[in-house]
Amino acid sequence: MSTAVNENAAGWEPLIVAFCCNWCSYAGGDMAGTSRMSYPANVKVIRVPCSSRMSPMFILRAFQRGADGVLVAGCHPGDCHYSTGNYHVRRRLSAFKRLVEFTGVEPDRFEVRWISSSEGDKFADEMADMTNKIKALGPNGKMRDARWQNIT
Amino acid sequence: MKKIIAREKLPELWAHLSEQGPLFLPIQDGPVVLFQPWFEGAEINLDAVNSAVSPKDLFLPREETFMHYRCSGKQLEMTPVEPGEPVTAFGVHPCDLKAIELLDRVFLGQEPPDALYQQRRENTTVIALSCSAADPFCFCGDFGVDPADAPGADIMAHLSDDSMLFESRTEKGAALLEQAGDLLADAPEETFSREAVQTADFNLQLEGLAENLKDRFDDPAWDQLYKSCLGCGVCTYVCPTCYCFDVEDFGHEAEGERFRCWDSCMYGHFTEMAGGHNPRPERKERVRQRFLHKLQYYPEIHDEIACVGCGRCLRSCPVNLDIVQAIKALGGEKIEKR
Amino acid sequence: MTTESGKKSRLIEEMKAQSGQDPNSCYQCGKCSAACPVTAALDLMPHQVIRYLQLGLEDELAESKTPWICASCFTCAARCPRDIDLARMMEGIRLSVLRCREGNKFGPADLTPEQLEKLPQQALVSGFRKYNK
Amino acid sequence: MPRTGVFICHCGTNIAGTVDIDKAVEASRNFPGVVHADEYRYLCSEMGQDIIKKAIEEQDLDRVVVGTCSPRMHEATFRKAAAEAGLNPYLLEVANIREHCSWVHKDMGEATPKAISLLRAAAAKAALNTALEAPRLDVEKRALVIGGGIAGIQAALDIAEAGYEVDIVEREPSIGGRMAQLEKTFPTLDCSACILTPKMVEAAQHPNVNLLTYSEVEEVKGFVGQFDVKIKKKARYVDSVKCTGCGICWEKCPSKAPSEFEMGLAKRKSIYVPFAQAVPNVPVIDRDSCLYFRKGRCQICEKECPPQAIDYEQQDEIIERRYGAIIMATGFDQLDPTIYGEYGYGQHPDILTGLEFERLFNASGPTGGKIVRLSDGKPPKKVVFIQCVGSRDKARGMNYCSKICCMYTAKQAVLLKEKVPDAKSYVFYIDVRTAGKGYEEFQRRAAEEYDVAYLRGQVGKIFPEEDHLVVRGVDSLSGRLIEINADMVVLAAASIARCDAPEVGRLVGINSDSYNFFNEAHPKLKPVETHTAGVFIAGACQSPKDIPDTVSQASAAAVKAIGLLSKDKLQGEACTAEVNQAECSGCLYCEAVCPYSAISPVEIEERYHGGTLKRTVAEVNPALCKGCGSCTVACRSGTINLKGFSNEQILAEVDAICLQR
Amino acid sequence: MAEHNLEQIEKIREAVKQDLLGGRIDLLLGWEKGHYWWQSRPLFAQSEEDLEKLAWDSFCAVNLSRYLLEELKEHNKVGVLVKGCDARAFNRLLQDNMVPRDRVILYGLPCPGMLDYDRLAAEAGSVLLSITEENGQVVLITAEGEAKADRDEMLLDKCRGCIYPDPAVYDQMLLPPQGEKESPERFKKVEELEAMSAQERFAYWEKELSRCLRCYACRQACPYCSCRECFVEQENPRWQGRAYQPSENFMFHLIRAYHGAGRCIDCGECERSCPVGISLQELNRKLIKDINELYGDYEAGLDAELEPPLLTYRPDDPAAFSEK
C-alpha cells in the first residue's frame, strides 16, 4: 500500500511548513521582510510561542497533510526567551529527527534551525536552502494521507 | 462440480483469479499469516492453521468509507461511495466461515440490512478450505464446526500433499470453477475422502450455558476473571465474531469523508457518552460485556453462541485470558466426563 | 618581517594535523617561556614559536633550534592558561619540518643488509615512517 | 460555527503591491466560518480600526482575522480595537501577510495564494480562539535585598527613598561587603570606608530600611508581587536591643579565631564585630571558638557586659515575610590561587592575593596600616604583581576577564609607592584593560609617575631563596627571561561567583551561567532582570564589576523593583498553560521542564467505585506561567494545554496551511 | 516440571506466604499456569489457597508491575514478584508518580530468560509434550522421543537483548541473583536498518506497520504507557485518526515510540503482545541507542532517581541537526 502522490512533476511546487518561535525566529522572518530579502513562497510560517511548544505530532501532522518539508526554528541555545526552552527542544527534536529518519523519511525533509531575531539573512537563506533541497528530493509521499488531497 | 489442480499449478490459478478481481488469501507477512490481496511473489501459506486475524475483514473491513460530504454556504452535499468490484476469498477455514454466518445474522438478519455489508457479501465468492491440521488452541468441535467441511462456502476446497480439490456448492462457485477453464481438471469422487482432524477438548459444557448466565451478571467470578485483563482489545480485533465499529469523519468542517472502522468493547471510550458518563467505566464491566455478549446476549437473539472455537483469543491474548477460561469460570466446565 | 598570512603554510597545516593544537588560541602571555626549564638555551622562546606559527613564518621556524632542544617536559603544557599542549606542538613542528624537507628521504635501499639485520624492526618502521613522507 | 470577519490591509502598496487584495477578500469569504470580509488602505489607522469595530457590532462578529503586518507590530493595536468594540481581544488573530509574504515575494502570482493560505490558517485558528483574561495580581509593597554589600545597600536606599519598605538580608554580622575591606578606590583614591560608612549608617537609620544581618534566606515561595520568604536570623547570643556596642566584651574575650574580614591574616576574638565601622555595631559570638560553647566555662563577656546583653540561650529565629520584589546582590569571592603550584601561594607568607594585600594598607588591618612583609616585618622594596591569576585561563581557572584586577593592581602599586617610597613594583600582565572613566589615565600615571614596571608576560615559577622570592618570568615583548628577587608577590586572583550561588539562585528560582554567575534575562536589554519575574540582580553576582558599575546596576535594579512595587495590580500573562486535571496522571513531567516553577503537584479527590480516591495531579499557577508551552510537549497525553496556542489551534493551522489548492 | 523448579516455587511461596498471611501485604501479584504448561497468566493471590496456584518457570513473561496501577486502588499493600524487567517497570512507574513506593513490596527473582513456545514447538517438529532444562539446554519431549536445543535459541525475542535479568529494585531477593548479561546483539537490527537507504527503510516500515490493527495492545502492555488518557483516544484535538491509512499507522507508531524516549525499559512487552508481530522494539531501541549516543548512557528503570534524559538538558548538548 503505497501512498499515491497526485502532483504532476512539471507543475509541482513543494510545500514547506516552518514553525517559528515568536521571539527569535519569527522575528527573524519579520527582519527578512523588513530588509526586503526574498525567499521562495513555498515556505509558510506558523507562529509558536517557543520552539519548546513544538510537539512532534505537529510535525507529523504537517507531513500527513501534505507538507514536503518541515522546519522548526527557535532561538539560539542560551538565547531562549523562556531561558531553557530550546535546550529541551534540542534533545526532543534530535531524538525525534533521528526516529523519523529511521522510518525512512529523508533527513532534509525535517530540519531544526536556530535563527535569531537579527538574522533576517539567515532566515531567508535557510528558507531558500530548504526549498532547494526539497525540490531536489521531489514530492513527499511518505506519511502523507492521500485522503487530504481530495479536500479543498 | 468437482475439480482438481496440482499443487505446483496453484500459482497459475491465483494469477488467473486475481485478473478477475481482487483475490484474498492467507499470505505470510512477517511472522504472521494474514488474508491479503494476492500479488506477484506473495508467499501463500495454505498450511497455516489459522490466520492471525480472521477474514471477517473481507465483509466488515477495518476501515470503510461510505460517504463524502461537502458544505458550501448552507448547502450540504453528500455522496455515497460506489460499490467495489467482485472479490474472491481463497482458503477460508470452516470456523471462520461459520463466524461469517454468525455475522450475517447481525448485518443481514433484520430490516434494513446493512447495505455495505450486504454488498460485500454478495460481491464475494468464498473458497473455503478444509483443515489439514489443528493446533492446541483449535476447539471448533465444541461449536459444531466440522474442520473438513464448511456449509456456507461457494466452493469447498481440500488440500493434499500434491493437489488441491474444489467442489462447487453454489452457482457463484460453479461459475468461478467454470471460468478457470483448463487450469482445472475434473476430479474423481474418491479423492474427496479425508481423515478427521483432531481438535482440542477443553472439557466444556456449553449446553444451557446462556440460560445459566442470566443469573450470573453479579457473579463473584467476574471479580477475579477481569483482573488480568490489560484492556488491550487484541481478542476483539482477532476474533471472527466481533463486529463492533465506530464512525468517524476525516476532513474539516466544510468537507471530508465519513468512514466506519473496527472498535472494541474492551476500550473505555467505546461506551463513553457525550456528557462524559461511561456505563462501563472499568475493565470488569468491559470483560463481562465481551463474554456475556458471546455467551448470553447473542444466543438470546440468535440461538447460538457467538464463538466458533477458532482459538485466536487463546493464541493472541498477551496474558492468556481467553474465552475458555471465561466459560470455565462461569460454570461451563463439565463436572465429570461422561 | 614578511608574513605569509592568506596563504596556507604546509608546515603549519602539517603541524596542526600532527599535534591537533591550534596556535591561534594563544594570546601570547608568555607563561610557557617563563616556565620552560631550557628557555636560556633556546633561540626562539616557546611563546615566540607560537607567535611565528600565528604569523606563518615558516622558513624562520624551520631554521629555529628551539623545537629540537625542547625536551618535552610538558611544563609549558601544564602551565598554559589556554590549554595548548605546547610539547605536542613542538613534536608536531619537528615532524612537519622533517616531512617538508626535501631530499631527506631514505628507505631500505639506503641501508646495508647488515644494518637491516641488526636494527630492531620497530625502529626501522618508525624511521621509514618519519623520513618518508 | 463561529462568525468570523476577515479584514485585509493594503498597507498602501506594501501589501497591495504584491498581493491581489480583491482576490484575497474573495477567497476569505469561502473559509469555514467566515461571514464577512473587507479590506482597507491602512487598517492600523483610526479609520481602519473603526471599520473593524463597526463590522464587529453590525455583523455580530465573534472572531476577527486581520491580514496585515507582523503580529509583533500591531497585534496589540488591533486587539485593543476589538476590545473597544466589546470583543474579547484574544478572539482576534493576525495573519502576517506583509513581513512574511508581500515583502519577501516579488511575484503576485506567488504572493497572493500564499497570503490566502496564511489568512485561511489564521481563520482556522481564530475559530478555536477562546476569550482569555489576563490574571490581575496583588503586589506586596515591600522589597527584599539579598546581600548587604555596596550593591545591596545602594539598591535598598533607592527603594527606601522611593517610599517603599525594604529588608536587607546579610549573612555576615555586618553589612558592608567587599567594599568595606578595601582601603582606597580607584581611580580617585578615595578612602573606601569614608564613602561607604555613611551609606551603611544611612541604611541602618532609614525608616524604610530594615537590616537583617547575620541572617540567611531559607526558602522562597510564591511569585512576582507575592514572594513568601523565610529568613533565618542566626543567633548572635547578644541582645541587639540592649547592646550599646561599647566593645568591652571583645576587649575582654580570651579566645581568638582567624578574622574572616582580614582574610585570615589577623585574629579576632570569639565575640566580635568584623570591623570597627560595623553596622549594626553589635557583636556576635562565634560558637566554634568560644570557650563557653566549647567547654562550658569562661562567660567573661557575660560578666563584663555593662548592659547585660549577652544571652547564651538565644536561638535561631525564623522570620516569614511577604515581598513584592527581590534583588539579588550576593557579591563575589576570590579564587583560591593554591591551585597554581608554580606561584607558591599558601607556602610562603609573602605571597598574597590582591585582597590580602589590600588589608595591609588599612590602619585597622593586620599590620596597622604598615606595608611590611608578614615573614619578617620589614618593608618590601621589590614587589611583583601578577595579573590574570585564574582569569582568562580556560585550562585551570576561569575563561573570563575579571575586569577589576588591572585597575586595582595599578592602584596598589601606586599606594605602595606612597607608603614605601623606595619600593619598586613590577607588574606581569597579559593585556592591560582599563576601560572606564579616568582609568587609562590612572594606569598610565602608575607606569609613568610611580615607576611601576609593566612587563608583558607571565611568571613561570616563584621560589624562595635566602630572604627573598625569586620570580622567574618572561617579558614577551623583548623576548627575555626576567628574574626578579622580590620581597613580596601579589597575585591578582580571579573574581569568582560565590560558591553557593547556584543554590541561592535555585532558592529564588533564577539560574546561573557556567561560571555560576546569575543569568540576566537578556544580556543587552534586560541586564538587571532575570527570567523569574520580580527577581532582579545587581553587582558582582552577575559578573565581576567595579564599584561604579555595581552601584549603577544596583540603582537600575532598584528602579525596576520600584516600578513593580508602584503598581496596584500586576497584569499577568493571558496565554498560560492549563491542566485538565481529570485526565492528568500526575507524572509531573511538566513540572520538570517548566522554567518558571509555575507547575506544582496538588492532591485531588476522585470518585472511584462509589468511594473516593486521592491522587496527585499537576496544577499551573497562572501568575507564574509565561506561556512557553514546553510543558504541553512534555505531557504525553495532551492533558496540559496552552491557551492561545492550544494543540487544537496549531493543528487547525497546520491543516489549513496544507490545503494548497 | 523439573525438581529444581519445584524447589524454587516452594521457596518463593514460603517467603510470600508469611507476608500475605501475616498482613504485611494484602495481595500478591505472581503467576499461575494457563490451560497448558507453556502458558502463564497473572495470579492475584489473597489467600493460602490462591498461593497454591503460584508458578515460576520459563514461561512467566507477563510483566506484573503494570497491574499495580489498578490493584493499588483496591489494596493498601501489594506484593509483586519481579523479574529484571518487572523491576525496571516498577521504577518506571515510580518515576512517573504512578505508584507509592511504601505500599509495594517487591520480591526479586533473577530471570533466566523466558522461552518461546512457538520456537520450541517448531524445533520439536511433532507434538511437544513437555520440556526440561539443564545446563543451558532445553530438552524437548515429544511422543517420538527427546531432542535437545540451545536454550538461548529458544528464548522469546524480547528476552534476547536483555542485559539486566536481575531486579534493579527489590525489598527482598528470593533467589540468588545471576548478574548482568552481555548483549552484543541488542542494537543489531537497528544498525541493520540504519545501514539501509531511506527508501528501503520506508518500505520496511510501511510493510511492517501495514499489519497494524490499531488494537493498542502494545500500549496496554507497556509500563511506560501510564497516561490516563492516551493521545490516540483524545477527541479534542483528534491527534490520531482511526483510519487504517499508512499515515495514521506512522503517526501512532512514531509517537508511541517517541513517548517512550528515555523512558522505555526495553522489556519488549509491546512486541510480545502484538498480535500481528510488528517489530516494535526496534523503534524503541532506536531511540534508546540515539539518546545514549547523544546525551550519555541512560538505562530507563535502573535508577528511579535519575532524571529521564528528555526532562533535562546540558547547555552544551549536541544536536542531530546543524546548529550553525
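Here the chain labels run A, B, C, D and E in written order, and each chain numbers its own residues starting at 1.
Just so it is clear, contacts are C-beta pairs under 8 Å (C-beta built on N, C-alpha and C of every residue); 3 or more make two chains touch, one makes a residue touch a chain.
Keep in mind the model is a prediction, meaning the values are calculated, not measured.
Out of curiosity, which chains are bumping into both chain A and chain B?
D, E
So which chains count as neighbours of both chain C and chain D?
Under the touch definition, chain C and chain D have no mutual neighbours whatsoever.
Looking at CA centres, what chain is most distant from chain A?
Result for max centroid distance from chain A is chain C.
Any chance you could check whether B-D or A-D wins on number of contacting C-beta pairs?
A-D
Pick the chain whose C-alpha centre of mass, unweighted, sits closest to the average of all protein C-alpha coordinates shown.
Here the chain at the core of the arrangement is A.
Compare the CA centroid of chain B with every other chain's and tell me the farthest one.
Following the centroid criterion, the farthest chain would be C.
For chain A and chain E, what's the span in angstrom between their mean Cα positions?
Centre separation, chain A to chain E: 36 Å.
Just how far, in Å, is the C-alpha centre of chain E from the one of chain D?
So the centroids are 47 Å from each other.
Measuring from the mean C-alpha position of chain B to the mean C-alpha position of chain E, what distance in angstrom results?
Computed value for the inter-centroid distance: 30 Å.
Which chain E residues reach two or more other chains?
231, 239, 241, 243, 245, 310, 315
Which residues belonging to chain B are in contact with no fewer than two other chains?
Expected reply: 250, 252.
By the touch definition up top, name every chain pair that qualifies.
The set of touching chain pairs is A-B, A-D, A-E, B-D, B-E, C-D, D-E.
Quick one: in the complex, what on chain E touches chain A?
Spelled out, the residues of chain E in touch with chain A are 190, 193-194, 198-206, 210, 231, 239, 241, 243, 245-248, 250-251, 253-255, 257-258, 261-262, 283, 286-287, 290-291, 294-295, 309-310, 313-315, 317-323.
Enumerate the contact residues on chain B facing chain E in the complex.
29-32, 34, 52-53, 62-63, 136, 202, 224, 227-228, 230-234, 236-238, 246, 248, 250, 259, 261-264, 267-269, 283, 314, 316, 318-321, 324-325
Going by the contact rule set out above, which residues of chain C touch chain D in the complex?
Checking each residue of chain C against chain D gives 27-36, 39-40, 45, 47-48, 75, 79-83.
Provide the residue numbers of chain B that touch chain A in the complex, in ascending order.
68, 250-252, 255-257
Which residues of chain D touch chain B in the complex?
The touching residues are 1, 30, 32-33, 124, 609, 655-656.
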